[in-house]
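A single structure is presented below for examination.
Chain naming follows the written order as A, B, C and D, and within any one chain the residues start at number 1.
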């Protein structure tokens, strides 16, 4: 028997790691991975809450999250390729033209 | 007991993978560590009884999405990321803020929340039930997400296609 | 029901047996391939070592083991070493889910003829593990820091991800008919016959999964990088593709992984489409228990032979043809098959 | 009950015509344009005649189309109201309007903006009819403002000419003063009687208790209404716009500034007679104003040399007569004179227009003369008009003016002063009219251009519409309306024979109000006995005055043309003063215009607008720019910075919610 809060804390840690990655990583691809990490953390909390409330909806929503993640990955990677094609770099710190 | 051990095992794998994703400087290492995270998350799902979710997690995330990442990394031949200091805000505001938030939530969860203990397979999510839910109660969201995926596919194709490619294709065809 | 210790002991026994059988099968599939292709091309194939060169695999193994294991410079070492292991591990793990027969009871212990007990999402897990196998190839290609390998890895990852979809969709028809992910249940759903003589296999069932079967077969060739889809290791273009830089045991691992994968998909094919181990059984108990395994092995052998046959016959695709074929032909066909099956089943019920 | 008359159709038809011509007239041919315009006005006229033939039970007929304003128990309808008074106005407006439409076809044929002109004319008809048919003060006010607008547009018809444009503006602004007073009067009415509908309003006023009747309220309302009327009807002190309005095309002067619009004020006073009856002071004020206006305008008219200016001042003084009549509570006489004046003054303007037409836009009488032979048609019609206005029996002007003079003397509100001034005015009227007549048609032609089409004055009058040079009479399309009007102004007076007109209008003015009745009592005792003799006597006197005017004019401008110069030299100062219209324009310029312009330039424009408003706006804009100049550095374009902000904010939210949760 494991207290549910452990699962939640775990998902929180994963999410936090994702945010940190987004903040400190420079490589666009890695940043995308951080986003995936956050999504996974959220998924875990979904499943955990589903277990707590005995409601399968949580698990169903995980699928929706996965689908969205897949779509996001597809588009995002395509964008990354386009960026690399034009700017010859994957470092977000060099992709900062959109400013005043 | 065994349950707790397995939870800790997979959990530690998860955290290790996540932290490794942060500290590794080469994207492909990060990608692999993320694969580890996802695999062990599948383990956690199994512990919670969501077997179908676990399987899909492995197939879709580890088997498809991450392969895509690796593929792109290989395609763009991404090297080590150089430590440019583009943003002070991210370091000075973001990281501490995120840490504060995480710590607060964790503290609240552990100290203040009276969440019940869950047994192994607390909520068996077998394919039949999930599928039934997915195609009855959540039919509309399902269809909407399918449309979303379609749009995503089109967008990806449009984005990744070389500017001159259509013309050359016309020439050949 | 078994106690935990009994369970562990039985499992270990089963694992050892299975591994032995599998590796032997792998070795002799190689031998078989060389022989068959040789005869197809009007050659002898291996003849020197032992009768009909039956000991050739052993010789190869010894050679692999004693070869110098050299690591090229400028490779990404950890991944370079890890890659072959990854492929082999996943290839072997996939087998663990495959049931090869009914239940067997030895000394009062009855256990299913599969390493793992029945998992009700067995098929999904097999697919998942198979889909993980691509990492080995991709990483090998990337880490060995050579353009041939890199291209091989790229091709492998793209090709596998693409064909995985067609593969999965082609199976859904069977799943609809069986109504379960459990391989054993799927097989049992195919027991019996139509009108007494046609076996109730999925390729004969109503609606027949013959289309799904063919799609599966084709996609499986692509998944296992076999001809006519062996672009990742196309000798004529990319020396040896992703394992150009590998030698000795590491190379052997890739080799074994490839053939293990072949056997896995062959097993899946016979389980899903050809009624698994169903077949006439008679005689004493032990024979009753082992005959199905024989029928099963027979089917697998047929599939392996077809593999080799195709290899000896068909030329290699061009890469764009490969992709176009996967996305523009296989996938639509698989979807059509799925839709038709679903419709018929829905109308019938 | 009376049949449904569909009064609303009468104003709407011209509106439709105006819309058609105004919106797509540019692409029409001239024939099409004028056929549209004429059809609209003719239809209105015919409808008016048909309405006139309908029997009217209970003396009036009203219809309400829709509720316009509903506020509590106060409501205003889009309603129309027909009683003998408005019927008379309706016939005058549509009839004269129609004739002048016809005339304009010939007069404006050569002009640019032909469709514009007819669209404006129809628009004017619409508003004027709205004004006269209104069933409450607010709808009347719509028409009131509308005719102002139409007159502005038409005065400035040749807006490329500076005088024309400024004259239009002058008319508009002068009218604003009156409209302002009119509005205040309406507000007072709403405040104290809670209604603007004629019927209910007048009944409630009539129901006022005797001691409050004639009290300050009604007087002030009446005075304000009077100021409004002064603006519209060009009375002292607001008459200055009318002479300048002559910049517009002559048909406009005839229709708007002689026949119809300027009489709106008189109509309005007559319409609100119930109020004026109960406000003797206001009535007296009206009478005094009217008398003075008549007198001064006539005296100015004597010295003017511009043919249209003379007619303009004559119009003003005739309007003064009508005011005098209304002030003397002799509304019937006022309306009667209004009608006849519409006939002969419209005729005179048309004739003047035709003269100018013949002379290629020449307006100065000193350059005319001896046109009797050259343009006989114009001459004879003009003659009829002149005799009519001068009050020579038995023409129209004689009856109406004589009626007014008699009422001014005999009505309970009248006095011999009014009568005397009126008489002198009558003398002057006939003098300057015959002066105009002699100068224009007799003697030798003094024009410098026998070929009257050498270089026409820009866009004035419908000149030069044909190649041949000599002075010629106007085409039929212009002459026929003039002849009809001539006939009308010859015989128009007889409608008052045996008081038919009076009896016809009687139901409108039946409720004369107790005060007036009381004032009326003493004379009414022996009125019948004294009436016959006194009236004949006064009649003879006024005719004599007219004859004297004729003789003097003949003497000065026919027998001894050199005399006027000598007289002018003899009384140089007076002459100059009168010639310059008593310097009223200059007076107004110094009194009102200049302070206004200076104040708004120095204080409002430079002071407030530039130094306060603009400065404030600019300052705030500068502050905003500086602020955003510092803030914009937040937008570094670096994704991670944004993510940092987001994470920070999220942390804040989480902290807050945790705090809430554990509290």
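Structure notes:
Here, a contact is a pair of C-beta atoms (placed from the backbone, for glycine too) under 8 Å apart; a residue touches a chain by one contact, two chains touch by 3 or more.
Please read all numbers here as calculations on a predicted model, not as lab measurements.
No other pair of chains shares as many C-beta contacts as A-B. Among the chains present, the centre nearest to the common Cα mean is that of A. Farthest from chain A, judged by the mean position of CA atoms in each chain, is D. Between chain B and chain D the centroid-to-centroid distance comes to 85 Å (mean Cα coordinates, whole Å).
Between the Cα centres of chain B and chain C there is a gap of 28 Å. Once the centre of each chain is set as its mean CA position, chain A and chain C turn out to be 33 Å apart. Each chain gets a centre from the mean of its Cα atoms; for chain A and chain D, those two points are 81 Å apart.
With touch defined as above, residues shared between interfaces to two or more other chains in chain D number as follows: 636, 638, 640, 643-644, 647. Touching of two or more other chains is recorded for residues 52, 56, 64, 68, 73, 75, 86-87, 90-91, 94-95, 98, 101, 105 of chain B. Counting partner chains per residue, chain A has residues 19, 23-24, 26, 92-93, 96 touching two or more of them. Chain A contributes residues 19, 22-24, 26, 31, 92-93, 95-100 to its touches with chain D in the complex.
Of all residues in chain B, only 28, 32, 35, 51-52, 55-56, 58-59, 62-64, 67-68, 70-71, 73-75, 77, 126-127 touch chain C in the complex they form. Residues of chain D that touch chain A in their complex: 632, 635-640, 643-644, 647.
Across the complex, chain B is touched by residues 636, 638, 640-641, 643-652, 654-655, 658, 661-662 of chain D. For chain A in complex with chain B, the touching residues are 1-10, 12-21, 23-27, 29-30, 32-34, 36-37, 40, 43-44, 47-48, 50-52, 54-57, 59-60, 62-64, 66-75, 77-82, 84-85, 90-94, 96.
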